[in-house]
Structures are given as structure tokens and as C-alpha cells.
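In the two complexes below, chain A is the common chain; its partner is chain B in one and chain C in the other.
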Partner chain A sequence: MTNLGTHQDDNRPGTITPVGVARMAPRRTRISEWFDQRAGTYFIMPAVVMILIFSIFPLVASLIMSVSRIRLRGGGYNVRYVGTQNFEKQFFGSEQFHFLGTFADLSPIAWILILASAAGILWWLFRYVTTRFSVIGFAGRLVTASMVFGLIVLFSATLVSGGRMGTLGVTLFYVFVGCGVQFLIGLALALLCSQQIRGRTFFRIVFFIPLMVTPIGIGYAFRMIADTTKGPFSPFWQWAGLGDFAWAADAWTARIFITVGDSWQWIPFIFVILLAACENIPRDFVEAAEVDGASQRQIFFEITWPQIMPVAASVMLIRMIEAFKIVDLPNIMTSGGPGIATESMSLHSLFAWRSLDLGQSAAISYLLLFVTVVLCVSFFNLVVLQYVRKT
Partner chain B sequence: MRHHYTGLGRSRLAVATAVAGVLAVSSAAQAQYNDVTINILTRPGPVIAQRMVERGEEFTKMTGAKVKVAEVPFAELFQKLLTDWSTGTNSIDVGVFASGWGVEMVDGGLLENLDPYIAKDTKIHLQDIAPYFREYNQKIAGKTHLITIDGDFQMLYYRKDILEQKGLKAPRNWAEYMNVAKATHGMDMNGDGDADYGSCIFKKRNAQSYFAIMSIAAAFVQTKGTGHGIFFDPETMEPKVNNEAWVEAFKIYKSTGEYGPADELNQDIGDTRALVTGGRCALAIDWGDIGPLSIDKDGAAIKDKMGAVIMPGTSRVLDEASGKLVACNATTCPYAVDGINYAPFAAFGGWSGAINAKSPAKTKQAAYEFLSYMNQAAQSNVDVTMGWTGYNPYRNSQLDNTANWVKAGFSQAFAENYLGAIKDSLNSPNMASDIRIPGAQQYTGVVLDRELARFLADEITAEEAVENIEEGWEEITEDFGRERQATLYKLSLGITN
Partner chain C sequence: MTTEPSLSPMNRSLFARLFTPQVIGKMPPGTQFFVYTALILWSLFVLFPIYWVFITSFKEAVDVNRGPFFIPWVDFTPSLHAWRELFIIDYEDTLTAYANSIVIALFSTGLCVMIGSMAAYALARIQYKPKFGTIALFVGIMIVASVAIAKAGLDWRIAMAVAIAVFVVLARALGPKFKASLGNGDILFWMISQRILPPIVVVVPIYMMFQNVRLLDTHLALILTYSVVNLPIVVWLMYDFFVSIPKDLEESAQLDGATRFTTFWEIVLPMARPGLAATTLLVMILAWNEYLLALFISTTKAQTMPILVAAMNAGERGILWWSMSVVIVVMIIPVVAMAIVLQRFISKGVLLGAVKG
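This part shows the complex of A and B:
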């Protein structure tokens, strides 16, 4: 208040004494300095507040929903606290087959896989403890190890032993198989287009186009392409003797076709970023290696790959996070069918939301968030950073 | 002459006065709702929505009220309406949806009671609406909350020419259905040189396949009339699903796929219809749409070649005490015809309009008048004869009089056959009602649909599927409250004791 009053006085000519000015100057400087020191914080604050409102609030709201039973009624909705019921249902209750899958008796191969992975994970933890131990690092590795082991047991009890995958397994299929294929093809195309070949600008544009198409359009397009009886490629399918083949009637062909559609859209994303990385490799390195008589394979593994590795890791991390959320293509191409064979966790959540089971929908979303965060952080810390440190 | 002139002058005066009067009344009527906009939400067009848009333009000219029709995907329609109305957003004045969904909305106090509006309406002619739609479809707990604009139940369609060629008759039960499907599968039915299909029944997940399975199961489960029901024991709300009747229905549904297109598992009703209208199916299960579609330009391949009959029945029905199938006799099947129990299923019940109870009074009145306008015989008797509208008959005057149908392009013989099949279904005392209790969509659209899809994809057996459905339905019933559900289920079946 004093400050404000003084400032008002400043505006009245003849009312400020030199003593007053002398007294005020250091104080104003101090305040200015104080503001200067914190200017960054204050400038960024509106953005932070907005992010908190639009990101954190929905996160908290959906957490509340995941432990509730919500029923819409006239004039609002009823919320009933149900504890961990929505989560328990996914792991142990009536939705277990849907989320985790249908378990079968463990086959000998499944046993071998489980025991081998248990041994491998224990050895990995033991090595960490005996070499460079820190509490936080160990806790992080313990979470990663638990999840990886859990997923290996899940795959052993479902896929390897003749059971059926649930939405968790299907999502991981889309992530690991889909992203793997996309990375390999994207990298190959990037390496190809970084060469001095004729018409490379044309190819760059062509390869980039699918990224600009909406996933819904891609879903419908691929559904039509795959239609062996009525689609535009029907004559081709008939000619190939596949006129009576229905890709959507079989679990694996349906999953593969969705992966093909997904890859068609996302390969350009990986391609364009890796292309930029490839073009940033200094020509001197490659030319020096060529002068020294290095083979193309040696040039790739010794020069190109280490140079593009950080970019490749970042692009794959972003791509994996996106892939965990896949929903459009299975929704449009198969509606999650046949059975639940192509249903991802996001689609599982969407279907629950559509039937107004908001609690279950939120619970599945949280499980997806947990799996995504643990696997992506683990991938970055334990694979990418390790590699970067080594090189 | 003078007299003549005077007469002419008088008549001119009379005409002028009448025109002026009509204009005055018209402009008064037009002015009546000038400041009103009726916001309607329904499924994507042109089916259902487009005709509302066109009738809406007529309604605007007559009353001044603007009619805006918004569309959302079928699977999200119920959720969007319930969210809009329950959270107080109230951006929608009229929802056009399955009448069965209305029960949950009425339970939440979201729908306007339309009885007072109907009492003042001189144009709707309620008695002309077929009893099933008037008493079951439009009413919830004894009060009218919905106005029917489409009458829905499924029927069996067959290719008359193909069956005649093979010396076969229209199937009356599922054994006959399979025989006909087998005998006709692989024939070229539209002259394009390709082998066609004996049976076309949509089987896609998260679409409308669960209506087909309920249509098949109905005859096996319901024997004692409409009040019997096919879903639950009305006293205990125990599901009537884990039994041989539903298992049999599941197996029949799957086995029809042997004579269908290879990708039938991924075909929704639209895909199947395209095959039927393209002349590629000997047998098909569908709502009333195939009739009018056969006279569309897209249906040229089947024009005057289709026949329609009531859904196939069965001579083995459910004994509820043992859960087994037993032979039909006078006691077990009191409504059987020639030893066959029929239970035509009112799948979906038909698209119906309901008004948001929280809309302003004037908007509600205008909305009611628009729904009434759609429903009135003058409009609907024309609309139901056009395949693309998606509207199927629900008024007696639409069924008793073939003139409109012939005028639309039906042959007299097919008009009689088609309307006869509809009347056989509508007049059946054993017509099966769709599920009309809170959570209806969860019971059928989620649990039944999912387990059916898993069974069709060979993930589980029919026995496992019905067991899972029983468990899922019990969970939903417990969640909504067993007693409350039992009361509403009884009401939906017309049991008022």
C-alpha cells in the first residue's frame, strides 16, 4: 500500500521531496530485481496453469471415475464409490478373458520360456546390485522387471500355450510388431532417399503423403482393399485364388491387416525424421571410411547408425506411445472382431464408455497409462540411454 | 347474365375470401413457432435422418418452426442423448432412437409424457397405429413417451424365382431354412456368372448381429404370448439364457454362415442388404426394408422376385424348468400353427421420437407437433413405401391398403405378399418384445453381442457363450437393482399385477 501511495504521489508535480525519491529508489530497484529473477517463472505460469487445468484435472477426474460406479440421471449423475472393483474385474473377474485373455494349461515351451526369463531377469537385477547400485535405480528396475515378467507369463499362458490374447496382448502386438515393422521399413526408405538417386524428391513426397490422411479414411480404404468379394481389388483376389478368403474372419489375418494399415500411415513419420537424421551425417565421415576401404555394412554400423541412433530412439519412443493408443483402425476395419481378436485396450475402453460403463472405461484407461509409462520409460532408460552411454 | 356475373362475382369473392382466410390462418400458423428451433439428434442419414430433414422443411413452411437434424454414429447415439439430457446441457430437444432405450431415460425423468399432447391432437389417429406399436412401443410404464415413425421387426425374405426353380417352398422352420440355403448356395442368382449365396445374415461384431440372434432364439424361448418374454424370469430376473434354446439358436446362427459370403463375420446389415438387392442371396433375414428396396433402382436385380414370410419357427421349444428343448404340443406351444411355434421378434422396436422434458414448453409443443406430423397417415403412408427412408409400416392403414404400395412401384402380388408377412407377424399373439429395461444396451449390445462374436469366431463354445451371458446379465441386474429391474421388466411385458 505504501508503495502504491508513493507511486501516486509521484504523479503529482511538486509533491515529491528529494528525500522521498532517495528513499524509494533502492526499494524499487530491489523489487525490479526480484521480479527480474522470477520473470521466467511468471511468464511461464499461465501456460503451466492451463496445462494443469486441461491435463491434470482430467487425469484426477478419471482416477475418481475408475474407482466409482457412475449412473447418468435427470439433473446430473449418481456416483458410488466401489473401490478397486473396476480393476479387479479386469484381472480376476468377468472381464479377465477380455483384458488379459483366456488362459490355457502351460505347455512345456511356456514353462521353459517362463523359467528362462525369470533366470534372465534375476541375473540382470543381480548384476545391477553388484555393479552400480542405487535405491531409485533398483526400484525402477524392479518395476520394469515385474512388468516384463508378468507379460512373459501372460504370453506363455495365452498365446504360447494355445489360449487367447486379451486386449492387453493385442495392444502389445500392435506396439511391438507394428512399430518394429514400421521402423525397419521407415529406416530402409530413409537410407534409400538419402542417396543421390534420380527422382528422390518425388519419392520423398510420395512416401510422406499417407501421414496426412486421417486414420478413419485409412481404415475405410483398407477395409475396401481387403474385401475379396466386393472391393476394388476383388478381381485381383479372385485371380490369386483368394476370392473366398475372408481376412476379417481369422484372428491373425485380421490383426496383420490392421498392422499393415497402421504401418502404411506411420512409416512416413519414421521415414521423414530418419531421413533428416541421415542427411545430417557429415559426408566427410562416410568419404573417409570409403577411402579406408570400409564396406557399406561397416559404414552403416560404424558411422550411420551411431549418428542417427538418438533420433531413432526418440522417434520410436513417440511412435510407441502413439501405438499404445491405437483405436481408429480396429474400430473401423473389424469393430474389434472376429470375437475380440483385434480389440486394443483403447477400443476396449471406448466400448465400455459407449455402454456408459464409465468406471470400467476409466479403469482400462489407467491400466493402459500404467503399461505405456512403464514400458516406454524402461525402453528409454534401459535401452536407449545404455546405448548412448556406451557409445 | 347479370345474375351470372353476380354469381361469378360472388364466387370470386368467396374464393378471394377463402384464400385470404387460408393465408391468414397459414401465416398465423406460420408465425406461431417463428422463434422456435427444434434440435433433433438421430443416426446418420440418409436412412431415418434424411426424411426428417425433408419433412422438417415442410413443417417449417407450415408453422415457422426450424427443424435441425443432427446425426451421430448409431453406437454413440444413446450415450450422447443421455449425456446431453442428464448433465443439463439440453442442446437436444428431440431424440429419435430405439424405443427400448427410452425406459432408462424415463427412469431418470428425462422424457416428456406425451399423453396430454396426444389428447389435444386430432390428426394422429392413434387407433390406426398397430396395437403392438401403440401399446408396447410408444408406452413406458403405461404412459406414452414416444412417437413411432418406423415399425421394426424382422422377417424372412426369399427369392421366389430361385426357390420355384428348385421346387422349394419358403422355409417355415430352421431345418427347412438350412435345406433351402444348402440347395441354393453356389447358384448364379443374378446372371453375373459368379456363384451366389444360400443365406445372408449379418454377423459383424459391435453392429446389429445381436438382433438376429434374438430373432432366432425368440421362437425357441417364448411360447406363451407376448407377456412371456425371452430374456428373464419376470419374478426373479434370473436370465432365461443358459439353456438349450439359446444354445440351439447360437448354433443355427453360426451354421447359416456355411451358406453365406466368406466375410460374413465382418458384414453389417448394410453389407448384407447390398448383397440382397444385388440379387446375390436366396434367403435373408432383415427388417421390413427389403420390400421397398426391391423397387428402388438399386434393387433392379430383385424387382418382383422377392417373397417375405414370418420369421422361421420351431417345433421344439424351451422347457423352463429343465432348461431343455421339448416337443411342441397344445400345452407347451398354445399359439403354434401346424405344430410350429412362431415368435416374430420386434427387433429394435422401431425408430421413435422422444422429447426432452427440460426443453422450453413452446419448443416441446412444436416438437410434438412435428413428431405427430411425421407419424400421421398422410405423411407416413407415403414414407414407408420408400426404401431409402428406412421407415417400415406400423399403421393399419399402411397394411390394409395396397394402393400406396402399388403406386410406389410394388406389383400387386408382392404388395399383398409383403404386407401379408408383416400382418402375420404383427397379429401374432406370440410376438416377442425387445428388451425394454434400464441397461438394455449393456445386456444385449455389449454382453450378448460380445459373447456371440466370440462364439462365431470359434473362441468359445455355444454352451460357454450362454453361461458367460448369464453371468454378465446377472452382474448388470445386480448393478441396476434386481427388484427395480424386475418391476420394469414386468411392465415392459405388459404384466401389471
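This part shows the complex of A and C:
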């Protein structure tokens, strides 16, 4: 850049160069000067343009697709506006069983669950209104509350009452059960590894490895391992009398195996970050407490937990965001089966695309985006920010 | 885990002696036993699937189908048939996919880290004031252009070129009149929040886009897509690094007449090396393992390793577990090597800093 032009002018208005320094300064050409004054633009423009082209534009295009019926015609597309028909189909129409699930009559337990959660949510909103109140805060909480209540009603009507879960329920199962298990085990491992033990580096490297393994590989590896006739644990299954039990043919074992595979991969992520957080706690705190005769439990709840809580909340947010995208493991391990029992929303959308129903595929992916955004933003505002503010 | 330590050491029960700290900062033997057992069990849980895939890659079909065999040379004879088949007899597909994966992972990581860290540096150092009016103007012009493409059947290249030209001219003319503006924090949030977007939402339009410009099933398509998907991670991790680097050095370099870019390239990037290394490796691993986008965008020519693995499921011979295991093993080896390198950076709390911020 510096030897492109022949002219040199160090004293252009706008660049402040002290005289003494200017004499020593390398010669700047007009072009590099011109570039430098626009540094702010060209530093950030590539990223902005890339995001606009590959993220924002497809997002808008997808929205348009979700309200249209698209037919392939001679190498081109024939797009027709159909309003919210694609969405209505998911909620009320022919695809209801697939997306929301099969409803059953509400059982007494389901009624109790619904009423209890309604009461809890109303009390939570009431407390917010009476203690501190802002219009935006209230509107946000209202959105969160209605989403949570809607999902509880959905779970009560399908799972609790004996109906079947649709892809929405299955996705939420992967997200909440998976993330919960991963957090608990990740935290436990981090606490164990932060003790004064030998071979820390070894354990740390070993525990970190699953994060690097391709999800496809994990899917197939767990399929091999879980096989009850040829897998490594088949002698055990035979002994337990489950020799011809096919885990992939039962909805719950299939879901649990997928969660195990997912946890195997993601626990390391939570583990490394919580371990770093644990090691950041000043050693003196813990030792002082030990000298004062605090029990291990007291040390954990009074010192460790408050110190790592902000990091833990952020890690869970990141993990949740990624968990909503789950697609490879169900696709590889069960391809959504038995029936639709392990199909996540991403996979549902992928299958819709495969059957060339682009409008529906886009509608499902938009519903996924909506659920993800509402739940993640709620988690961020209600949990993460609270801890960040405190520290 | 323990009860309150009793003060007189004489009348402790065995349990208390095993679980009560004798020396400050050192674990009692009972706790120690528990901790090591838990850690070793977890190590086995982590390593076993990898071990199983590894030995399966040396098994004959009959060894896989006749039930579990655990230790090579003891209960089955390892054979290299699957390796030979993939790397000598039928090497073309395997090596093409391997080369594709390497090229795509390297280039997308390079592009992504370059663009992302430039943006992150700019956001950490330069004050931006994107005006609401300019953004609204951009959106408006894009809507007009899209309507023109959809309804009037205008060629999209011409429409986009005209729209961008009009936008630049109008933004120059009207720019100073707009008052309300956003700040750096908003841009940063906008970029990072792109990560929330599930790839399934954008992949079909991206597929159509590449189809339109005839880039489907090329390296370039995957490189560009992966760069954008991983961009939020780079911006997010690197921003934190650049903020923590003191400004003095850059300021004196600028007084000496260095341009922004020279400062960035020669002073800031070398200082951010640990963060840069961790970010690069993280992004590279994500690009290496990616499945969903590759499934859409690459079919044959630009097929990556994950797609090759999945394709082995589709043959009429059933699932070729041994060949699949070979491919998984060759995919795992480079990343595990990286994991050992990356671990050093991560234990320094590279990710931690970003998570806290």
C-alpha cells in the first residue's frame, strides 16, 4: 500500500502529526491516506456485508417462503402468497399431530399442573407489578409468561395426559433435560477437577476430547454401543433378559439415548468453562473458610456457588442456544423414529424440505426461531442479567 | 460430603476420620478415593466410545456381526481391510472428501477470523454511530428493489446494483440530517445475536442463492457459509481481547504515522495471539465437524467428511460399520491433536473472560 503513489503529503488537514514525529514518519501515499481515513468503514464492512447477505437476506427470504406455497416448475419456482396457512396447519390443521403432538383428554394431574402453573405465573407477574414496574419490563414478562404457560399446557395435554409429544415438545425435551443433565454433571466434574489432585492435566485433556468429535461420529458410535445384540454391552443385556430389546423402537429409550449422546459431547464445554471459573476463585477464600471450620457444603454454597454463578448462567445461555439447533444426532441415531418420537424441529423442517414442501419447511423453522428467541431472551433478561448486575 | 469437623481428634468415628480434612488444603483419604473413582469412571465413559470406534475400524464384517469383541489379538484378529478399501482400492472418494474438508475448514476459518477480528477490533476502538435514518433508508430501498424484482421481473443483478448506488447517494446526501443513532454496543449485539439463528432457518434461501449464481456444490459456497455462521463467535471472543489490550501502544504507533491497518496487523494481532489461537482452533473444529449446511450445499464435488460418513449408511449393503469407523477415526485424529493444544489456552481462561463479559 505504501509504495502505490508517488506524491506524499504528511500535512493534510485532519491528520494531527506533531512536527518532530512527522519528520521521522514513514511516507504515506494518498491512497493509503484515503484508506486510513475510512478505516472505520472498511474494518467493519466485510462483516456487516457478509451478515447481510448470508444471514439477514435469507432470514427475510425464509419469512416470505413461510407465507407462500412454492412449486418447482421447470428449473424455476412458482411462488404464491397463502397468508398464514402454513402456520395454521402446524397448530390446527393436518400437521398438528406432527408439530404439537397428539392431544388426550386432560387428566386430573394435568389440570393440577396447569392450574398450579397459572397461579404461579400470575403471582410472579403480580409481584413484579407491585414491587417495580416498567411498561417494557412488564410487556417482556407477559410474553415470557404466556410462552411458558402455553408450553406447560402443551405438555399437560400431550405428555402428562397420555398423548404423544410433537416435534416442539421433543425439541424442548432435548433442550431442558439435556441442558439440565449436562450442567449438573459438568459442574460436578469441574468441582472435582478443581481439587488438589494428581493428573489434573490428563483428566482435563481427556474430558475435553468429546467436544472435538464430529456429531456424526458420536451418532454412529452410540448406535454401535447401544446395540443390544452386537454392541459391547450385549452380554449384559442378555444377562438382564433384554437381549432382543431394541432401544430405537421405544420412544423414551430412543430419546434418552440421544440425550446421552448429546451430553457426552457437550458436558466438556460446560466443564472447561466452569473449571476455569472455579480456578479463578481466590484460594485464600476457601482456605480461610476451612480454617474457620466451615464444612464442604458451606464452602460450596457460600463461596464457590456465588462466585461461579454469573459464568454458569452465561454458559447455560450459550448451551441452550446451541441445543435448540439439535439435528445431527436424531438424524443419525434414529432418523426421527420411532414414528416422530425423536424428531427435533430442525429435523422436522429438514424432512419437509426433502419432500419439497418449502413453505412448510420455512414455517417450521420460523416457529423454531420464535421459540428459541423468546426462551433465550427471557433466560438472558431474567437470569443472566440479574447475576451480571450483582457482580 | 462431610459433617462438621469435631474438635477433639480422639473420639472421631472412622467415617469422620476418612472425610474430615486433617491438613488445610489437602484432601482426606476418603474424599480422595471418591474423587479419583469418579474421575476415572468419567474418563472411561469418555474414552470408551472412541476406543470402540477405533477397534471397529480394524474388524472384519464377521467380527462386528457375531457379537462384541473387545481386545484386538485376544478375541479377534485385527485386519486392515477397511483401511485398504478406503485408502488404496477406493481412495478417490475418501481423499477428495478429506481434501475438501481440509480446504474448506482452513479457508473458512482464515476468512472468518480475519473478518471477525477486524470487526471486533473496530468495535473495540472506533466509535460508530449508525443512524436510524440510514438503516431505515437501506431497508426501504431494499424493499423497493425486491418488489421490483418480484413483480416487474427485473434482473436481480441490475436491481441490486441500482439499489446500492441509490442508497450510497441518498445516504451521503441525507446522512447528516439524521439525528437518532445507535452505538457500538448495538452493532456488537446485532453481530453476536446472529448465533441464535438456527441454521435450518437460513439454509434453504442460501441453497437457492447459490443455485442462482451457480455456486452450489463448490468449495467457495461452503467457505462463505461457514465463515458467516462462525463469525459471531469470532467477534464475541476477540472483542473481549481487544478491549483488554492497553491503547497506549497503538496510539504511539499512530503518532508515528502507522495506518489503522498496519497498527492492527503488526501490533494488535500479535498481542492478542493467545485469544487468536484459541478462537481459530475453535472455529476450525466447528467448520470441520459441520453437517447440516454441508448436507444442503454440497452433494458430490465439494462433499465433506461428515457427509461421506452419513453416505455410508445409504448403500444397499447395509451400514458399513468398519468403513464408517475408519472415516470417523481419521476425522477425530487431527482434532484431538488440536484439542491437546487448545486445552492449554482454554485452561488459561480464554473463554472464561468472554463469558464473563
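One rule holds for everything that comes next: the second predicted complex is superposed on the first by the 333 of 391 C-alpha atoms of A that agree within 3 Å, B and C clash if a C-alpha of one lies under 4 Å from a C-alpha of the other, contacts with A are read in each partner's own complex, and residues count from 1 in each chain.
Going forward, a contact is a pair of C-beta atoms (placed from the backbone, for glycine too) under 8 Å apart; a residue touches a chain by one contact, two chains touch by 3 or more.
Since this is a predicted model, take the numbers as computed values, not measurements.
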More chain A residues in contact - chain B or chain C: C
Touched partner set for A:F351, first chain B, second chain C, both or neither: first
Partner chain(s) touched by A:T229 [first = chain B, second = chain C, both, neither]: both
Which superposed partner A:A39 touches (first chain B, second chain C, both, neither): second
First, second, both or neither for A:R69, with chain B first and chain C second: first
Partner chain(s) touched by A:F155 [first = chain B, second = chain C, both, neither]: neither
First, second, both or neither for A:F245, with chain B first and chain C second: first
Touching partner for A:T334 - first (chain B), second (chain C), both, neither: first
A:W266 touches, of chain B and chain C: first, second, both or neither? neither
Overlap of chain C and chain B interfaces on chain A (superposed complexes): 77, 229-230, 353
Contact set on chain A toward chain B in their complex: 69, 72-77, 94, 98, 102, 164, 227-230, 244-249, 251, 334-341, 351, 353-357
Residues of chain C that touch chain A when the two form their complex: 1-5, 21, 24-27, 32, 35-36, 38-39, 42-43, 45-50, 52-53, 56, 64-68, 70, 115-116, 118-119, 121-123, 126, 128, 187, 190-191, 194-206, 208-209, 224-225, 227-228, 231, 235, 255-261, 264, 285, 288-289, 291-292, 295, 305-306, 309-310, 313, 319, 321, 324-325, 328, 331-332, 335-336, 338-340, 342-343, 346-349, 351-352, 355-356
Complex contact set, residues of chain A against chain C: 1, 10, 17-18, 21-22, 24-26, 28, 32, 35-36, 39-40, 43-44, 46-48, 50-51, 53-55, 57-59, 61-62, 65, 77, 188-189, 192-193, 195-197, 201, 203-218, 220-222, 224-225, 229-235, 264, 272-273, 275-277, 279-280, 283, 287, 290-291, 293, 295-297, 310-311, 314-315, 318, 321, 324-325, 327-328, 332, 345-346, 349-350, 353, 358, 361-362, 365-366, 368-369, 372-373, 376
Complex contacts: residues of chain B adjacent to chain A: 75-76, 78-79, 82-83, 85-88, 108-110, 204-207, 261-266, 274, 357-358, 441-442, 445-446, 450, 453-460, 468, 471-472, 475, 479
